[in-house]
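Data block below; observations after.
Chain IDs A, B and C follow the sequence of writing; residue 1 opens each chain.
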């Protein structure tokens, strides 16, 4: 594809030789002489200029000497993403229900939806137009799947789950299993029946082998645009707010609330009934055992403001280095 | 259902108007005017009384002014659970082997058991009466599944696994994969053949995407009534004692022993060959690197008694606050 | 099997009565009077001698009084593993494509390979001789599976994944799902198209329900002989070096590099773009937030050399014990 053709199709302003052929678009470290790359700021642009790439997609505002062909646009990220999606289209399943799939006769499957091989769809389910259930997906009774939602292979969705539009659920995820709740009874533990459900709003993405448990009563809710990585645990009755980000192996105990825009880095844990305020960030492996204020940046277990946690870590290092003096000080104070 | 009908069926003593209709039973925060709710103690009863619920299930001993209709019983939890199971019956699979399932001819499947769509059952397996294997479950050779055990979709059970009665295994769990063991050989790592198995006793529940590895020799044992949450790792040759509770994302290394009634909160880790004494509790994210005494409550990594760990955390905070004074003290002690 | 027959078949030198019958080979704690056991050093040999086992496999160099029949060999581990594999042969799937499997007509499946029940194989895949795909495995388009590789049930392999020879992938693992990357766009988060892939070299083993994400650009690479346990997360663009060991529930963020022979114990976390030097060890639950030198042994979050981390822990314990004196010291320094 010529650079000039790219600009014709995707917009932006061309600076330099538009007749060059571009074979792909790659990050700066990956780009070869036939590739376009992209740069968000002047620092990245320096790397982009130094790379073998023949073309750089840059923001309109960035100053640069046009040693390579440039495409100037409002958002190089969006431009690159658009171009990547165009060059690497995702092959969709063929519409329709595969002959080996089992769809209950009470279920409604839109004509343009597809149900893949060896999938099962329970009673009273509805699958909206453009939705895709890949191989070996299991859908319980009374589930609803929104438009253009994609459910990858070997995902299990328990009954009464409602999933919005343009949701992506990666392979092996389990949505709507019973929450983890018991009470002592007759010398053992009796299971609490979990009669709530899971609701996943539009534009959510859920990672591979992630588990989202159904509510005890009411709903475990994943709000619009939240992004959840692989192997994450979301327990019964949690609410994950709009646009929240949960990185890999994070775990939310029961009834945790993440307000809008919360970020949990990898392996974060939050104990039950804790609320994390709007826009707060929990850095990697943090353990939250009490509510966190909006906008806070927390670290450690138990979590504290990151700055304070780093001060404490530095203090501990200093004390360990001076341990002989400190021991002497304490001993002499004890004596006298 | 009228409250009087509930009492007729489930027992307990009615106080107040039994003619009211109840549509469901819900937790205090979820109950509407048509719902019954339940309360274990006087504090919860206050919330229950303040809720819109038309009926409250309470212990016989609790004092209360009958502003709402009450059902008095020995255990409100049990009463509520019984009622919930009655109102929300789990639809069972139809008995029999689904046409798309593959059951080896040497396997014995009880008449009232069901093997769901696209499930596979290996040689010499036995599946007892009332047991259910849902869609895409894979059962290796020589496995035994007890009465009324339910295995949710996409679960894999490796060969030689023995599972008791009334066990619940949630979707995506993997039972009996090889333990993680290698030895250096010929410039690389050689895999230890794992020729042991997994035994799961009666009344165990295993969460979604949880993994329980087979033993190297002998048995990885999950004892009666243990409850294991989602995404938990139980390595080769562990023994999880009766009634133990393992919350989400907990990990047990090889040959760990949890004695009866141990509780591991979320994201707990235990290194290999450690024994956790009867009734001990490891709080969230704790890392146990040595044996823990019966009844202990531990916290931190490396774990220590929770009270001590909190003292240390407080001490560190105090030192960080007084870091200037402390540095001065140490400097002057060094000088003189 | 007589001990003399074992020696005939597997080599080694017999000391003592070779006419005894051996029924199995077991670890020292598991061996009965009909079993052989094995011992690597003199200490283990003492246990082996004390066990009921009728035969002990030992290194040539170990001194011992032949109270039991001995087999002397170069490597008791290797000898035992060879013998175990002989006594417990893994039943292979029958070669060929199962009638219920769906293999795209453009895929090439070697004659001796097997594709199990309800498996699906996408366009342009190649499956080499001796490879086994078990039930409900899903293989995307353009995947290559090497010789004698075994993929257990319910594994999902996304498109463009390349898997070498003699690889073992345990049940429920997900290979090649999209990496976790977004950018802010139009009031929400836009997904980065992930157009890279995953390459798994020869002799790798991957645990149950482990997730290895595809690269954003380029390749997420698992090098020859690396061993990965259950429930591990390997994010986009990581490189896991030759012979690296990742224990259960470890998580690598994006673009992490583990050089050759790195060991991560259980529940280790590594933040993005960090490099762990050749042969380094991260002990359980360690969190690495910066590069680690080759050969280092690290502990804690943030990680530090294990020895230093233990000093700091000891120091903190000492301070907590002497907290009264310390508070007094600081108060009087503040005053004076």
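What to note about this one:
FYI, a residue touches a chain if its C-beta (ideal position, glycine included) is under 8 Å from a C-beta of that chain, and two chains touch if they have at least 3 such contacts.
Bear in mind the structure is a predicted one, so any value in this text is a computation, not a measurement.
Common neighbours of chain A and chain B, by the contact definition above: C.
Comparing the residue numbers each copy contributes, chain A and chain C share less than half of them at their mutual interface. For the pair chain A and chain C, the distance between mean C-alpha positions equals 26 Å. Annotation for chain B: residues 100, 118, 136, 154, 172, 209, 231, 249, 267, 285, 316, 319, 326, 329 touch two or more other chains.
Every residue of chain C that touches chain A in the complex is listed here, in rising order: 100, 102, 118, 120, 136, 138, 141, 154-156, 158, 172, 174, 177-178, 180, 182-183, 185, 188-193, 195, 209, 211, 213, 216-218, 231, 233, 235, 249, 251, 253, 267, 269, 271, 285, 287, 289, 301-302, 304, 308, 311-312, 315-316, 318-319, 322, 325-326, 328-329.
Within the complex formed with chain A, the residues of chain B that make contact are 26-27, 29-30, 75, 77-78, 81, 84-85, 87-88, 91, 100, 116-118, 134-136, 152-154, 168, 170-172, 203, 205, 207-209, 224-225, 227, 229-231, 243, 245, 247-249, 265-267, 284-285, 300, 313, 316-317, 319-320, 323, 326-327, 329-330, 333-334.
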